[in-house]
């Protein structure tokens, strides 16, 4: 049994943007030499999220649009008095800031249509993701 | 320390349907011979979710109804031009496609009212869940 | 490699309330003597959630307010015929009942603004959280 941890950075370009980070996660899992186990991908930020789904362009636009419908920007939030990004925090809470996936055959066990996606909710910024792999 | 991984299938019968898979998860944890650790239950699909809550019939109907209120079917989504199931993806993103639970005394440490539930969002289909157990 | 598990209790005072439990989680990770690995914080309840975000007072009020907008109390839910807390279950499902974080340098790898928060959705009650740490 071993444990491996690493980080990588993602530079985002817009306030809200979804970036496919699957290759970085697959690379970290290969680097770990873990064949069977779990991999956790964690964002150390309160206004970004990590999800697993299909990076089809239309769907990515739909995600942005649904987040905007469910939690509109500037809708009288108390936190906006301090820092004008309450919607970013609230959307991140709804999506979650990490995912934990199985590792099988030395790779994250993603289905055919699954990618690991960083959801930037208060960019543009440089975001750090930590990948931790445990197994044998 | 050991790691154990297995899969099981669930055949769903409706477009949206919630199936209690606790017995399969408990079975996999027993099979793993792990007494203390973590168990991850992961769906390899982008239009199904895994959650933990109470499988009371009325509540299961409420979940379906709330998902339909928050993310209505066919509400002009871009992804629907490619594949008529944008709502299924968006609902899955909101719920999440895996859960990670403690293992205590050789069983998932579920509370009295907690069950592991597969949420089918684009059925009927055969879904595969992977259960991974790490611990000693 | 080792595994460590413990529980702690939180007494809540209101129906909906958010409690910062970071110190308890940090304490459990130190107790575990794990330097590098993963920590899972799990609520054994179906009407409470665990999230990671910033415990700024205004934002905490915004979270409560958004939950109430998205899933209003007593909106004709079927589960309310049995137990008058369908909204509590539905909100817990949206937020999720556990988080899994990396452990680095013997501490949960939280970003500057990140805290671990228990979201009480059907209080006041005494809630039990289980902390499980795996690593070396």
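Letters A, B and C name the chains as they come in the text, with residue numbers starting at 1 for each one.
Criterion: contacts are C-beta pairs under 8 Å (C-beta built on N, C-alpha and C of every residue); 3 or more make two chains touch, one makes a residue touch a chain.
Since the model is a prediction, treat every value here as computed from it, not as a measurement.
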Between chain A and chain C the C-alpha superposition rotation, given in steps of 5 degrees, amounts to 120
Report same or different for the chain A and chain B interface, where same means the shared residue numbers exceed half of all residue numbers found there. different
For the pair chain A and chain B, the C-alpha centroid-to-centroid distance in angstrom is 19
Any chance you could list the residues of chain B touching two or more other chains? 1, 38, 70, 94, 96, 100, 134
Considering only the defined contacts, which chain B positions touch chain A in the complex? 1-3, 5, 38, 40, 42-46, 70-71, 77-82, 86, 89-90, 92-94, 96-98, 100, 130, 132, 134
Per the contact definition, I'd like the list of chain A residues that touch chain B in the complex. 1, 36-38, 51-54, 56-59, 61-63, 65-66, 70, 94-96, 99-104, 109-114, 134-136
